[in-house]
Amino acid sequence: MSENDFLLLVRGPLLTGATIIFMLGIVVRLLEILVLGRKRNLAEPRGSAVKGGLRTIVMRSIAERETLQRTAFTEVTGWIFHIGFLVTLFFYTPHILLISKVAGISWPALPTTVIDALSIVTIITLLAVLIHRIGNRVMRFLSRFQDYLVWTVTFLPVLTGYLAFHRVGLSPTMLIAIHILSVEMLMVVFPFTKLMHAFTLFMSRYYNGAIAGYRGVNS
Amino acid sequence: MSNDLTIAEALRKRGVSRRGFLKFCAATASMMALPPGMAPVIAEALEKARRPSVIWMSFQECTGCTESLTRSHAPTVEGLIFDTISLDYHHTLQAASGTAAEAAREVAMEENYGNYILVVDGSIPMGNPGYSTIAGISNRDMLMETAAGAAAIVAVGSCAAFGGIPHANPNPTGAVSVSDLIKDKPIINVPGCPPIPVVITGVLTHFLTFGTIPELDHLGRPSTYYGKSIHDRCYRRPFYDKGLFAETFDDEGAKKGWCLYKLGCKGPTTYNACATAKWNEGTSFPIESGHPCLGCSEPDFWDAGGFYQAISTPTGDIGRTAVYAVGAGAAAGLALGALNRAKRDKLAREHEKVTIDDLEKRD
Amino acid sequence: MTTLEGGHTASCAEPGDVETGNVVPLLHQIRHAVRQLLEANEVTVIDLRSIPMGPGEEDRLAAALGQGEVQVRMSALGPSEIIETQYPGVWLVTHHNSDGETIGKFIEVCGFPALVMAQDEDIRAGLEQLEQELD
Amino acid sequence: MSGASLERGIHAFKEAIDAPVASFFSSCVRCGLCAHACLFFTETEDPKYTPIHKLEPLRRVWQQEYTFWGRLASALGLSKPVTDEDLADWETLVYDSCTMCGRCSMICPVGNDIAYMIRKMREGMAVAGHAPPGLIGATQRAVTIGSPMGVKLPALQAQIRQVEEETGMTIPVDVEGADYMLLLSSMEIMNFPEFIGALAKIFDQADVSWTISSNAFEATNSGIQIGVSEIAAELVQRIVDAVEKLKVKYVISPECGHAYMAIRWEGPNLIGKPYSFKVVHVLELLDELREQGRLKLSSKESQRLTYHDPCQIARRGGVVQQPRNLLNMVADDFAEMPETGTMNWCCGAGGGVSSNERADELRLTVFKRKKAQLDAVRPDAIVSACSNCRIHLEDGLEKYAMEIPVLSLTETIAEHLAEKDKSGE
């Protein structure tokens, strides 16, 4: 197979397949959760469940001071790699172009120098996160195969994207193909793993905040 | 002209002064993308170099490559180089035809066996030998026969180098490249549709000045010309880095000369010297003329997902696929959810009342 | 066909809009070369065709270099122009073929471009010819 | 009756899983932050005490039963069913090292309410026969005798007589048509009967019409601690029946954390219908009286006081500001501990841990967290609003040789109450 054939394969059938698994999987999983439902709360409310839920969706992004101090490494690296990943994903020109081709919407991109710097930061942070996962007693104890798999499929698109941008090692065709393939791996793994938190965290935070808000507590 | 003359002698015979020769060497160094300091080295080498015999064969091609090389009427540097080589066989250019032409080829092969350069443009059909023949000889047979005595082969144009347009889907003639057939000779690929003329002559000049094959990349292309991507040397690169793109061929961005990435420019994945060597005697190159690079010097450029599709975009209709997937997911999710729910409701109905006697196991 | 100045006739882009950013570094390189010439008598030749230039940038470089006192027109294998810039020792050398097409564009930093000097071989051939005429 | 079994446990797990649980398990990224919110981890540094890990069997049941790929894996024989040994291994994690304080639920970055899930997990653990013996005993006593500590009506009556003698006031019992019906925890009845007298004094001054029911005076609910909703419902129903009999408008939940959770928040859901009356926490009522100017003090507490928020009253119950209002009224020097209110650290004995002798050593070990909080403030006395917290605080303080008295907020207010102004009558 030539490099172009490979690129066409990943841009064509593999991407279509990955998209099907990704979209179908996410919708199935979200509905599987939602359809389970929950019982109506018969106790007299003290506060608003809806307000509490919405509040927690937003506020849970930032830990309060003491927790932040106690878990600074996890919190800070978590913030950095999420922002780095999302900004490079959504504000790099070729990515926006892809989104606009697929969904018809677009927005201004960030300069490539910013994206470049951010991806380096993200790569370093993700490596630090992995080392932390292996080195920290609690995280090592909690970690299963899936956690390392998810780390890998998250790390690879950033790394291959960076290599493709700087065209390191292989031909650009090959590098772009590998980058797209790594994204497809992420998409395929996504619905079956904790990567689902990208969507379910809004539900979880809502439920948490609603349970507390109903009782008049800001969670 | 006798082959015994050196190139310098041949030029002098044509009335070219020493000063002219040195100017020619400087231009040649520039053409070969060598540092200007190499001009005297070239001069010295050309003093000694014998004029090699060149056999040029055209198979499944459009003559665009020959056009590219010979389109100027007056002597150019390229033209001069060709004047100094012994082009013993080129069935588009030579005056002789029929048996005489084939005889010329056989003579050249015999006289210079093991020393001549074979230049090939066009791909070779493997589906049926009758698809393309010369003097009743199939392209494959002629190539194999002529290649046997060649010192080196230069595959000119994307067809000879990678199969090119004949090789494009569905490849009706079963076209293959020179390197698909010949494994035991040095092959220099000079792809492009057509290749930049100075690149063709640059490669020939390198061979005849230094007697060696230039350094090649993993696709057999001379690194001096194909070492950097169009994107890397494109004057519009700053716009790419700033995120300024032409969205259509007639918008503000296009008029301001912004990057053509979104219009499908293959510059980032294409290795060639267009951005610096330029075309039409250094006038311009496609991107400078406002058109995205087609990637013609890369393998299978014809099937690389559309000339006007940005390289990072999907080839399929992902939006529609996603919508269908969401629809299917909604149906499947609701069905699975309903099953889950039914299961839980059934469990609730079957629930056995728990009393304080049920908190410990019965032995 | 193309102009002698090597201008860009077929460009959609408006000149002046595009910046590769190569002009200023090139001027710095020239400054460095001039210093080398003075201090070490070292000659530098820069091949302008190896540097990516946007439409108008070559002209802007030429404008930045300006014109000095010496202009040489040479006719060998087609015309050549050797122009001293406003910075003595910095020469803009443009070679054309007999059709007027540009085949090489260089900046030479030297006392005088060696190519313009009469070459021994040519002098000898000229002498031979002169002797023949006198005979 | 079939007795406890693994099958019934798994059955209960499956029944307990709802959308929030499925969402929570789907969201967990195994970041381990919840460990740092749990005093059982911070004071032992044993990773097995990481809150989310305590739910592992429930998570596996969810995955195997309620996710498409999990069911697929089960069908293909690729998943490992939860065994009785697993539940045995998890018993101490779920009952001994979790007080359902819900602090982890406050910091989980993806928003998982882990305490909500532990509560559900206990439903399965209990019917699988993996509840701690101490808690089983307490539950059995709660159902058969009416009190987890085995406190019967005559014992209450004896304490009431004692209080009446000491205060010279009449404690209203079974007064039909009173506004408020007071519940009491067994601990208050047995260890802190002063609470009854303190409230009587306050209610007398504020002219609150109240009563105690001789049929349903017990506020605690072992059912929600051990995790059997039917038993919890039965205990709630006794109170509801008594309310209907006495036709009161309000039920007062006393100074007891989980009692408030049981009667205020879980109660209507356990019995499956909304109440015809309202439930107020005693601190809510006192703060209301304060606001209405019906609490008149004759003096203020000059000691440096701090307040320990009982988890089920503050973080899980929503009574956070009221005790602070009251303390600012009654004390000159009220100092907050670091991480207070909804982020307060559990004393270590809630959620049935105090009924579980097996956990005694552990709960005293993790008391170090409370000690550190107290060391930061150095109060003269600790005020709280939960008898269970109070007893454990006293145990803990004794163990770490700290001489700080633990007070009831209600009693502290009563102590500084002005003599009732009789002129208006």
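Order of writing sets the chain letters: A, B, C and D. Residues in each chain are counted from 1.
In this section, contacts are C-beta pairs under 8 Å (C-beta built on N, C-alpha and C of every residue); 3 or more make two chains touch, one makes a residue touch a chain.
Being a predicted model, the structure only gives us computed values, none of them experimental.
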item: Chain at the geometric heart of the assembly (C-alpha centres); value: A
item: Interface with more contacting C-beta pairs, comparing B-D to A-B; value: A-B
item: Chain centre separation (subunit B, subunit D; CA means) in Å; value: 77
item: Whole-Å gap separating subunit A and subunit B, where each centre is the average of the chain's CA atoms; value: 39
item: Rounded Å distance, subunit A centre to subunit C centre (Cα mean); value: 57
item: Rounded Å distance, subunit A centre to subunit D centre (Cα mean); value: 38
item: Where subunit B touches two or more other chains at once, by residue number; value: 332, 336, 340, 344
item: Sequence positions of subunit A contacting 2 or more other chains; value: 28-29, 32, 34-37
item: Residues of subunit C engaged with two or more neighbouring chains; value: none
item: Chain pairs that touch, as defined at the top of this document; value: A-B, A-D, B-C, B-D
item: Residues of subunit C that touch subunit B when the two form their complex; value: 1-2, 6, 8-14, 17-21, 45-47, 49-55, 57, 74, 76-77, 80, 95, 97-99, 101-106, 115, 118-122, 125
item: Touch list for subunit A against partner subunit B, complex; value: 2-5, 7-8, 11-13, 15-16, 19-20, 22-32, 34-37, 93-95, 97-98, 101-104, 108-113, 167, 171-173, 176, 180
item: Contacting residues of subunit D [partner subunit B, same complex]; value: 1-5, 8, 11, 14-15, 17, 65-66, 68, 126-127, 129, 131, 136, 139-140, 143-144, 226, 228-231
item: Of all residues in subunit B, those that touch subunit C in their complex; value: 16-20, 22-24, 26-27, 29-31, 33, 35-37, 39, 72-77, 80, 233-239, 254-257, 275-277, 280-284, 288-290
item: Residues of subunit B defined as touching subunit A within the complex; value: 218, 229, 231, 240-243, 245, 261-262, 268-269, 271, 298-301, 303-305, 310-316, 318-319, 321-322, 324-326, 328-330, 332-334, 336-338, 340-341, 344
